[in-house]
Amino acid sequence: MLIDWLAIAPEIALTVTALLVLFADLNLRGDAKQLVAPIAGLGTVVAIVFTAILWGDERATFGGMFVVNEYAVVFKLLFLGALLAILGISWRFFAEGRYYQGEYYFLLLTSFVGMIIMPSARDLLLLFVALETVSIPAFIMAGMRKRSLYSSEAALKFFLIGVLSVALMLFGISLVYGFTGTTDLAGIAAAIAAAGDVEPLLLAAVMLVVVGFGFKISAVPFHFWAPDTYAGSPLPVAAMLAVASKAAGFAGLLAIAFIAFEPLAEFWAPVLGVIAILTMTLGNLIALQQRDLIRLLAYSSVAQAGYMLIPFGLARPGATVVNDAAVQAVLFYLIAYAVMNIGAFGVAIAVHRRTGIRSLRDYAGLAQQSPLMAMGMTVFLLSLGGAPPTVGLWAKFAIVQAALTDVTMFAVVLMVFLVVNSVIAFFYYLKVVKTMWMDQAHEGMPALEPGFNLSLVVIVLMVGTVVLGVLPGLISDATSLTSLVAAG
Amino acid sequence: MSLVGPLLLATFLFCVGVYGLIARRNAVLVLISVEMMLVSVNINLVAFQNLLFPAEAAVSGQMFALFIIAVAAAEAGVGLAIILNLFRNRASVNVDDVDLMRW
Amino acid sequence: MDPNTAGWALVVALFLPLVGAGALAVMPSSMDRQIRRAAVAITGVAFALVVAITASFDFGRSGELQFTTDVPWITAINARFELGMDGISLPLFFLTYLLTFLCAVYTTKHLPEPGRPKAFLALMLMLQTGMAGTFVAFDLVLFFIFWELVLVPMFFMIGMWGGPRRDYASVKFFLYTLFGSIFMLVAFLAIYFAAGAETWSIQALSEMAPFGTATFQTWAFLGIFLGFAIKVPMWPFHTWLPDAHTEAPTVGSVLLAGVLLKMGTYGFVRIALPILPEGAVRFAPLIGVLAVIGIIYGSLCCLAQTDVKRLIAFSSVGHMGFVMLGVAAMNEAGIQAALFGNIAHGVITGMLFFLAGSLHERYHTREIAVIGGGMLKKIPRYGVLLTYVAVASLGLPGLAGFWGEFTAMWAAISPGLGIGDQYGGLYLGLVVFAAIGTVLTAGYFLWLLQRVNLGNPPERWASEPLDDVMRIEWVSWTPLLLLILALGIFPVLVFGVQDAAVANLMGYLGG
Amino acid sequence: MDVLLEYAWLVPLLPLLSTAAIAAFGRSLPGKGSEIGIVALAASFVLSVGIAWQTFTAGLPEPFERSLEWSPLGGGFVFELGMLVDGLTAMMFLLVTTVSLMVHIYSREYMKGEPRFTYFFSMLSLFTFSMLLLVIANNLLLALIGWELVGLCSFLLIGFYWEDKSNQDAGNKAFLTTKFGDVGLVVGIIVLSAGMMGLGSSTPFNLQELNAAAVAGELSTGTIVLGMLLIFLGCVAKSGQMPLHVWLPDAMAGPTPVSALIHAATMVTAGIFLLARLFPVVAQSAVVMGVIAVVGVITLFFGGLLALVQDDLKKILAYSTVSQLGYMTAAIGVGGYTASIFHLFTHGFFKALLFLGAGSLIHAVHSNNISDMGGMAKSMPHTFWTFIVGTLALAGFPLTAGFFSKDEVLIAGDLWAGQGLVTGNLVYWVGLAAAFVTTFYMARACFLIFAGENRSHHAPHESGRQMVAPLMVLAVLSVASGYLLSPFSSEQYNFEQWTATPVIEELTYPFIDAGGEAAGAGVLASGSEVVMAAEDGAFGVLHGVPYWHFDLLAIVLVIFAAAVLLAWRFYGRGLPERDPTLHMGVATKVLVSKYGFDEFGYRYIVVPVRDTFARWATWSSNVVIDGIVAGAGRATKDAAMTTYRVLDQRVIDGGVNGAAFSAAWWSDRLKRIQSGDVQRYAAALVAGTIVLVLAIAAVR
């Protein structure tokens, strides 16, 4: 069988870049090592170009295992954009931190290769491989600061929970295979539909598979690793975990939920809905108490995952309209989330890199020191909370919209939780904003020098947040095109 | 040959693995328990493949098993590296000691 | 300008302040004076434009939308960028620009700690766009955006330039209103889908109305009710108001009382009633009762206050009670009364907050006991102004306050849409209690005047050199003072403009 | 020529302009702005005279109404700015402008050297404008505006000396008491207008439409009774009827000219005026008329008694005002439309006269108390005789204005009684009794002031020309005004036909169906002069000029003589060194020791009247009613405190905050799940998975 090379061009481009980076790092000496970052950036751009070329056409290769369509392309663009941003916020951090930047960029790129495969994968096997390709480099990156106890602890926790959940998922997969005799998502769906009555054990298997992704998206109760790992690992890695790998998890979850197990939606939808409620409520409530900004962001991202799980709770077998709306809501939210959360981490890095500060109290008077960063943080936090005119509002809007396309009692319950949680969330977002703007700065704070790349990224993301807040059409038009049905 | 035997074996291995992961304090043993879980999955897959769908052209079950073995190897490598690093930083591989970060 | 084609004028007037805010933001903070002047210029130009718009407004057709803009905005959800202005929008729109302009003028001399005019004025301009947009947006989504846009700047105004308890007040304000508005958003979406998920246009939806089942109407109205009632604020959703007002800087309070509160009533009249008539009819008695409770209750609380500004804040609760009583009447006269009361309260209470602000600047306290009277001797002009505005606020005929209050009660005696047949007695009772409320209102204002204005100044102030009303204050206050009188003598200025528009509205309500 | 009537709107407008003018540049003028006010008032006075002449000689035309749509009120209803000029309006014009003009002139001297002199004059003009606005209004809403404005002016002028607290309190008391009445007025107006809206009127406040509808019986009884009783509540407060008269005596804290203009001649009669305007509506309901009559009777008697024990001259006059207003109210209650407004008219003049006279006296001795005066007759001759004229008029001495008007009220009561309506008898007899009281306390005052030796610490001297001239003018009017409706006045042109309108003429009382011998309610009338207005023989408003009622004349004379003699007996020689008012025990001894007759008279007439009744009345007024008012005030304040402290701050706000705090509490507990031990995490994860598996099984 012959391979559609264009379809996998972005993946190839990224892989090649990764190898180049590794090679360059091995051969370059001293400051020349700095070159690896530009190389990585360049490769990413190339990958983006390839992906952009793919926009609009439908391709399938590897016997349908690997599919390219608008849905996949949007996701890939999301990942690659995130990659660019993370490269931007990483540079000075690693250049000055005397970390192993060569390895870092290599691992980062590899991990992203896994991510951009994820939305194209239409087979459990490929999904599994992609998931591991995302995770394993991440394990190492979390432990990047080899001398730091925190870093290695973060790595260990991340690793153990990771492999455990993967093991559970694999066990589930094996059972699913046992029931359906195939690992092709569409095939599984067909088999389940054909089978008629539903075996409890099959449902159990489905849940086990869900666990694997639940870990990636850090949904309660699979979220425990997240705060510790974010706090312990280098901040750019934390940003990457909080945004990109979470998005990857959602890509996979969408695939299995809405393609493979779509016929069983009536069973898993309520469960995922409940998980959504737990996740956002718990995340928000715990975030209230956090004094460390990174942990606060960690819990907030847990809560955000909860919001993104709501649409899963709305799914229903056969109800194409509702399911499409749900998928689009998640997709939209992911994009918005990427923009605002990477931005937030960017600012955190800027502050932390210079002053080593992470405690919330020390953000006091940031506005006087660096209005740009303070402004940026404000915009991102308000957006995370969902206040206009930011993209965050539209993200929530999309979810509510999905919930009300066809109102059910459960949907209403979910809405109420969404409302209450958004208000709770503002408690701690506003707390940060107030500290930055309204409290007096401590003495002897070193001035901030975010550096060019970082400032650029923050500015771009800030502008993006606001522009998309005014004209959400820019993405909502794209996301509304992408429906999984085309992808099936 | 009946499917019961392999399935029982797999389940038993899996449960042992889970127990080990939760109960054992030594990081290396924890790692080994993880490997046991993965092995149990492989048994499952191969058994299903051979006993339920011998005719499947793609032999996806065994394929999957092969992939898992490969990935498991990689995971084990990474895991050992992390544990080694931990041992360097604090002369112990006891998982209990690893609780700097909480709340 | 031709009101049928000159939609651009409205757009420009609407976004000029926002652009101005950006312009201010790039000015170096060192240019303190220039920044303040620039703000005056921006708001001035915007106000001039609005005056021009008003001048060219076709009052003959005040019932129809004019200066309309209608372009696609978010195609995915059929949201459109739909602006327009009719007899109901115009007065509020005008008031917004006038007040902001005056605030800018006032700020050229007065700015509370910690200074930073750049940030302050930029926020004020953002606020202006948000407020103004609410009154001219004719697409539910757009309306919601402007509605929410107001929160953030006001949060910062209170939080950064506010009084001692500013943290508490600002967060309370933000979360309280946010809470309501999210429910409102959900209700909007429910309406959108119930109406066939085709349009968010307020006009279109009003024409479609009533749609959906009775339960739908009730629940949707409840959602919207929460959003608007908190903003108004109606009893018992009012507790954010005193704190916000007391802590906010003068300009903040003025805009808060002058415009922000009006957004709630406007929302009721523009959205809740015409789009959900059945729900409205079902809720009307409840609204009426809450309104009257608010009147009595607000006045009682005023009697208990020792802080001038807090007293004025509570008086807003009472006055907005009259406004909501008008809404609850569900007839043309009632709506007219409500909208007039809106404007009147905006002008009068806005002015009162100006006065409270400069009172604090002179005495460095707002405690009535500490001031201890004698202002008519110490700073006579100021005392006279205070008397004038207070008397206007207690609803003296011939001044602005009277028309809103009286017509509200007058309309409530014969509520429309068949409510009268069922609740006639209840409404009579409401009118009586509202009237008693006017006595209480008179009571606390006279008492206030007696305690701060009359008598001889206590010795601690007798020696103190307190300057009387300054030039800048005259400049920024005179328009309001005149407006109070003008509206009292020529109620037609507002009633006349609104008449046709309100008639249309009742057409939608089937009244 | 109606041309004058066309310009009637100028009458109120001129004072308004003068208000603005005085406020604007009064200070810079030589006369401190007073001249502006006087000129403006003079102009409107002339105009009013013209208008009065117009209407007086016009016979009985439809009222002259002009109006323009001022503002829509929504629902197609309109608020019209309009004027209704008929005899009643013209009469009020004449009264208000005359007295106001006099007071303006008088004040120039009286207020000389006062701080806020200019402010005082602009306020006087503003008040005049407001009162005239109320009078000229062609609809209730416009009238309400005038009504509220006069209230404000009264408030501002009572508190004119706002330096000391008692005056501030007096002002607030006045404003709030009347404002309380306004609750009734406002709601009443609303109720009536609702009725009119029900009839499909687009101008629901219009007075003529309202009256016409009422007479035509289109308004439901419920509307009328409810509406009118509520409006009457407003009148009770404004016109110092019991029990809401409490503010009026305190209102004497204002400058004396203010008391003369506002709290005697004009503003306090606003309530009566309003009742007269709405008389066709009032006349539709026995209940309403009954209530009005009873309240009036109570007021006229007990209000009078209170004056007996006063030492402050202005307070005496104030209580007498209360009592006289009672007469007017009672007259309305017994269908004495003409009687009532005629008394209003004459009372305006002589009471203004008395107050200005009092002012002149106070000016001389720098004290309000009659015990500090005495022997003024010699030192202040002009003040003396003018004051006496006023007193005679007030006491209703024959051939003075007060005589004609008060007797008309009594006759009205008599005729009403003739219809078997008990309120008629009440008014007649209690009215007579009160006449005695009135005479007595006025006589007492006069003796103490003018007779005997000068007890003041100053050398009293006659006031200047500017103060005396108004006294003389008013003195003349206090006599002359009575002849507009007396046996001497013309058949065709008299007060009755002046103030009557076609609606009033055709008015009948639906609740009286006595066919046969009908008697007039409006005027001294009976027998041949009586002309029936209503064909169906129902009891109607009748008209014609009065003729001598010698029986009544006799009674009046006797009462007058008795009262004066009695007063003279005790106070004739000035204030006894042992004042019987204070040591009646001693007085009793003196009387007993001298004449048994005196003793008899004293024990069985004076003591009960002066001490028992008066004391009781005083007590009831000052303790009970004042107490209730004060108590109400205190109660409200307490209620306010509790509401604010407990309900607002704790319950409602607490709820909101409570939610927030509980969130924090939960957060604190929940965060501890994050134990930091990775294996616990793993355990939790596995447990979670198991729960999921079970859960989904449950779902199935």
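Remarks
Note that the chains are named A, B, C and D in the order they appear, and that numbering of residues resets to 1 at the start of each chain.
The rule is short, and it goes like this: a residue touches a chain if its C-beta (ideal position, glycine included) is under 8 Å from a C-beta of that chain, and two chains touch if they have at least 3 such contacts.
What you see is a predicted model; the values in this text were computed from it and never measured.
Set against one another, C-D and B-D show the most C-beta pairs in contact at C-D.
In this assembly, the chain whose C-alpha centre lies farthest from chain B is D. Inter-chain spacing, taken between the CA centroids of chain C and chain D, is 39 Å. Taking the mean of the C-alpha atoms as each chain's centre, chain B and chain D sit 100 Å apart. Note on chain placement: the centre of chain B and the centre of chain C lie 66 Å apart, centres being C-alpha means. Chain A and chain C have centres, each the mean of its CA atoms, that are 43 Å apart.
Counting partner chains per residue, chain B shows two or more touched chains at residues 18, 21, 30, 95, 98-103.
Counting partners per residue, chain D has 671, 674, 676, 678-679, 682, 686 as the residues that reach two or more other chains.
Contact between chains, per the stated criterion, is found for A-B, A-C, A-D, B-D, C-D.
Chain C meets chain A in the complex at residues 73-77, 144-145, 148-149, 151-152, 155-156, 159-160, 166-167, 170-171, 174-175, 178-179, 182-183, 185-186, 189-190, 192-193, 197. Interface of chain A with chain D (complex): residues 156-157, 160-161, 164-165, 168, 198, 200, 203-204, 206-208, 210-211, 215, 220-222, 224-225, 227-228, 267-268, 270-271, 274-275, 282, 285-290, 424, 427. The touching residues of chain D, counted against chain C in their complex, run 70-77, 79, 141, 144-145, 148-149, 152, 155, 159, 162-165, 168, 172, 175-176, 179-180, 182-183, 186-187, 190-191, 193-194, 197-198, 636-637, 639-641, 643-645, 648, 652-653, 656. Within the complex, the chain A residues that touch chain C are 382, 387-389, 393, 397, 400-401, 404-405, 407, 415, 419, 422-423, 426-427, 430, 434, 437-438, 471-473, 476-477, 479-480. Those residues of chain D whose C-beta lies close enough to touch chain A in the complex are 660, 663-664, 666-668, 670-671, 673-674, 676, 678-682, 684-689, 692-693, 695-697, 699-700.
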